[in-house]
Amino acid sequence: MKNLLAVAAALLAASTFAQEPIKIGVITDRVGVSKPYSEPCTEGTVFGAAEINRRGGVLGRKIELLIEDDQSRPDISAALARKLIDQGAVFILSMSLTPATQQQQTVTMEAKTPQMTPMNSGDTLTTQLPNPYFWQTGPLGSIQIATLLAHARAQNLKRVALISDNSDLGQLLARFFRAGLEKAGIQIAAEEVVPRGATTAEPQMQKIRAANPDAMFMAGVLTAENVLIFKAYRQFGLKFPIHSSYNLSVPVYMSVAKGLIDGVTFVDAYDPDKPEVKQFVAEYTKATGKAPFNMHGYGYDGIMMVAEAIRRAGSTDKEKIREAMQQTSYAGVMGAKGMKYRFPEGKRAGFDPDGMVVRVYEGDRQGRVVHVGQK
Amino acid sequence: MPSAAILEVRGLTKRFGGLTAVSSLGFEVREGEILGMIGPNGAGKSTTFNLIAGTYAATQGEVRFAGEQILGLPPHRIAARGVMRTFQHNRPFGGMPVIDNVLVGAHTRFASGLWAVVGGRALREETQRRKRAAELIEFVGLGELPHADVATLSFGQGRLLEIARALAGEPRLLLFDEPAAGLTLAECERLAGIIRGIAARGIAVLLIEHDMHFLLPLAQRVAVLNFGVKIADGLPEQIRNHPAVLEAYLGSHAAA
Amino acid sequence: MQDFLELTVSAAASGCIYGLIALAYLLMIRPTGIINFAVGEWAMVGAFGGYLLLSKFEWPYPLGMAAVLVFMLVIGWLTERIAVRPLVERGAPLLAPILALLGMLVVFREAISVSFAPDPHPVPYALGIQRQSFFIIAVTSVVFIGVWLFFERTIAGKSFEAVAIHRRAAALMGINLSRVTALSFAAGAGAAGLAGLLVSPNVSAHYLMGVPLAIQGFTALVIGGVGRVEGALLGGLLLAFAEQLTVRYAPIPAGYAQGVPLLLLMLFLLLRPTGLLRAK
Amino acid sequence: MSSLLRWLGAALLLAGAAFLLSDYHNDVYRKLLLWVTLALSYNFLFGICGQIAFSHFAFYGIGAYSVVIFLFQFHLPFPLAILLGIALCILFALAVAIPSARLEGFYLALATLALAQLFIVVLNEGGAVTGGPGGLANYKLPEFLGTRIRGPWYTAVIVLLLLGTLAVLWRLDRSWFGRACRAVRDNPEVAAAMGVDVARTKVTAFTLTSALAGIAGMVYAFVDNTVNPPIFGLDNAFLLLFMVIVGGAGRHAGAIIGAALLFLVPFVLSPLIGHHHVLVFGVLVVAAILLQPRGLVGLYDAIRRHP
């Protein structure tokens, strides 16, 4: 009897060991400036993790998310990265401000812990530090501008205007938009900045009007300031086409810029007609009672890719996960039909350069896809 | 045996807009002497006081201290030359104990610079000054209270602190702004003793006072102000019976 | 020339917003000496009031505007009750209520941040997009004329001024100090909330809109001076024109144009710290 | 001698702790020590000298950025980079403080408010020199005698920074200079009558504490080996002010307690009540000012006096 009990206890112990969850860290922002983007992205990740667990987890183990809030404060962010690593996270997903992700990297590089941002899109994140443990699957600024230019090729642009805001990401996107435009041999006739907290964008738009551009490119990511730009554009009755960064792809514009955005084209990593997207939307809505949008998709793809890499690594050894991650070839919710995330030739920015789409606002609705990829 | 005049005031005038608060005032104070200055309310006593201390800028005139013009110097420079003052309404520094208040008075007498402070070489001087401050606290009669919170002092004790603080600056001229105001009779007597003691150390004293009963026995000479003009000066007994003074000051005082 | 005329309207509208915020500061500073940096958050509360009543519940504009104004008066009065009066009664130094109000700034912002989604919320125009600037200018003019008449022409206004000049003397004259303080906070919140409501169709209601408005309004106040009511409006207009003319006409890179209002602020602090208009 | 032993003991204790902590706790500990260092110098300026400034983090940033730029963009030797960084802090501090000191009221607060924002504009627009919004990264602390200080040893460096700052401020506070600062805070007019040069005292206190913030920034630059604009903005400057108030303005212990408490609050509360912790923080600040103007240190004193 005693022996039997001992055996049972040993079995029990073994089985709980087998069910010890795989810990994945998430650093998000619930307080600061990137909260409007960080929150839906994190919700997508949480939904994805639940789905993985419902299907039996990874390597027979459940996934456990350790979610931390960095308030968009980079120094806190780096400390939290260490916390997650100390708590046994084998992977860190970064969904906060770009400089925060940057500062976390100094930790993951030292601790040799895989880290990925599924949503930050600043081009410099994978180039500033030689960190083989870091990947980025958000659509880069350089891809955004190249896609927009590919779509606008028919318009035969010679002189354009570039407008942005003074946020971290807005400035970064503007830098790569500028580089993309210069590379394409297009003259930037006016370059303007609408600072955070402005009460009007009329002087900036006047200057752009005076430059008489063939089109205007928007690189800003502050919703309120972008709306100011549209207001001035409508008020002046301007006619040149507007091509915007992926910031216009979040649905808040449909309500907050009502009546202002008809005809504006924007680059998106989200094609609502893609079967994977339809399935994701249906399942997410069923599970949470709330319709998701593209930010949820970024977070969902992020956790799926990580789970996939761990599955292929066959272990939670961080070095093996790193190798597996580098070999990623994954088709997810985001990206044009058939797009796969890949990190070829040792690159660590994984969004397919041909994976973005250009969409257009029809009335106040985010309408159809009018262009795919950079060709 | 009159000693040299340490403070000489000539033609001192101050106008506030259209109002002339002080008009062509002239007087002098000698070392070790107590000069009283009296006058009814609004006579220009406080203005004169603030002009000498540098709080107000004079419209014109001359104020010489130890032979040098001090008019136009900022207050801290004037203090550094050896002109210290007390305030009519006690104004201690609330955030520090009694002895530190006194040490602020000694501010200009510290020889060590900021580097010496940071490097620790100023510690010896600090200790010496602290000892000296304790002696001054003893001298004015607050001997048991060097570490007391200034908020706990009585009004009379606060007045004594004002004096100790001013003395810590090693003044050659001490300006008292109505020091007896608000004190009890017993406190007034103690105060008179202290002021005499200060003068006895060779420090010149300029004393502005409303209360004749306090001032006249104490001062060696008295100047009387009315409407910004000096209407009389002389020995206390002369002032007591001066007709213009009786008219301007005592008369109105008696009537009131 | 057309540009300049358009810019005149747009800068005048922005200047009116800055002026209203500056007026909010001024209404409180004059009688109490207290600088209340939470005015920006008050403007945010006004903007969210506009979102709720005008966008969500679709009240008619005049009714919604009146309701927001009344609500703001209550907020201002409550703020004074909670964060200022206990300190004034205790005889705390002037800095204490200023810091307490900085704390209230955080409380206001976070209360909004946890109650509403983080995205900006739309607030409708009073008379349509083309006429919003004129509406802002008209409402602001009415407010400033009203406030000016109040201080210049009424006994109650004079008593406010008396408090501004000397608190103790005013108390001896039988003026109820705490009532003046409470009223000045209520009026300050009214002005700030109005500014928030007026600007919100342009900038939308969102949880981070307060601090920029607080800083712009304060810059306007420093430029105009705290001496006179008109100074707040003048300062606001000057700031807005400087900002917008710089962006439009100055040959400097766009990023550095943001520095211009800050330099203007520093310049005024250094060269003319009393502001353009001195107290009479 | 015994006081020297006490400092030594504190150094050993504080630095020794770093060797017992995990990586995470070490990192939090490092940043906590830096916040405490900043709070100490800011307390001297605000609590002891009575000046409100919002530029403390800008000077922290000037220190951090300048040492990185001088070392890795201009390739200057380490000691020279540090000296130039300090000189830069002093220069900027004087430029702001001298004109502000002429004026009464809250002019320093306003001038520094503008400076703090201008600094962020310059960082964002600085191109390759400042790295723009992404800041600078991918650099390492220079080696000394063939070894690089890292891990808990670097924490020990921060402990030295903290204790050095405290020692300097401690001595200043207990000297004629500290008394002059308090006198200027309590009553500038009386202070002037006592011979205190009010303007000069203000300028000296501002410059000195700003330089100390700059030195702390130089140490910070090698904590995560990256510098970027969001760290040095106004938000943190306000947080610093709140720390000093909650802890007890004018007291070194208050600055230490306030910084420790408010820095650690998000780490402790965030897992419990999510993002509501900021609301709690705001209420805490208001309550502290209303109920206990001397801060937590004052509360402790009151309890000790009347148990």
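All chains are identified by letter, namely A, B, C and D, in their written order; residue positions are counted from 1 within each chain.
In this text, a residue touches a chain if its C-beta (ideal position, glycine included) is under 8 Å from a C-beta of that chain, and two chains touch if they have at least 3 such contacts.
No experiment lies behind these values; they were computed from the predicted model shown.
Chemist: Taking contact as defined at the start, I'd like the list of chains shared as neighbours by subunit A and subunit C.
Modeler: Under the touch definition, subunit A and subunit C have D as mutual neighbours.
Chemist: Most central chain by CA mean?
Modeler: Per-chain C-alpha centroids ranked by distance to the global centroid put D first.
Chemist: From the C-alpha centre of subunit A to that of subunit B, how far is it in Å?
Modeler: It comes to 74 Å between the two C-alpha centres.
Chemist: With centres defined as the mean C-alpha position, give me the subunit C-subunit D separation in Å.
Modeler: The separation of the two C-alpha centroids amounts to 32 Å.
Chemist: Averaging over Cα atoms per chain, report the distance between subunit B and subunit C in Å.
Modeler: Here subunit B and subunit C have centroids separated by 47 Å.
Chemist: Averaged over CA atoms, how far is the centre of subunit A from the centre of subunit D? Could you give it in whole Å?
Modeler: Roughly 35 Å separates the two chain centres.
Chemist: Going by the touch rule set out above, which residues of subunit C reach two or more other chains?
Modeler: 113, 211, 215, 253, 255, 258
Chemist: Residues of subunit D that touch two or more other chains: which are they?
Modeler: In subunit D, residues 121, 124, 275, 278 touch at least two other chains, as defined above.
Chemist: Counting only residues that touch at least two other chains, what does the list for subunit A look like?
Modeler: In subunit A, the residues touching two or more other chains are 31, 166, 171.
Chemist: Pull out all the chain pairs that touch, please.
Modeler: A-C, A-D, B-D, C-D
Chemist: For a test of understanding, state which residues of subunit D touch subunit A in their complex under the given definition.
Modeler: 22-28, 31, 121, 124, 132-135, 137-138, 223-226, 228-231, 235-236, 266, 270, 274-275, 278
Chemist: What residues on subunit A touch subunit D, complex-wise?
Modeler: Its residues touching subunit D are 30-31, 68-69, 71-76, 78-79, 82-83, 85-87, 97-100, 102-103, 105-107, 111, 122, 124-125, 128-130, 166-169, 171-172, 175.
Chemist: Enumerate the contact residues on subunit D facing subunit B in the complex.
Modeler: Subunit D reaches subunit B through residues 168, 171-172, 174-177, 179-180, 182-183, 185-187, 189-198, 204, 250.
Chemist: Any idea which subunit D residues touch subunit C in the complex?
Modeler: 50, 52, 99-100, 103, 106-107, 110-111, 113-115, 117-118, 121-122, 124-125, 234, 238, 241-242, 245, 275-276, 278-279, 281-283, 285-286, 288-290, 293
Chemist: In the complex, go through subunit B and note every residue touching subunit D.
Modeler: Within the complex, subunit B touches subunit D at residues 53, 55, 74-76, 79-80, 84-85, 87, 91, 93-96, 100, 103-108, 110, 112, 114, 117-118, 120, 122, 126, 129, 165-166, 169.
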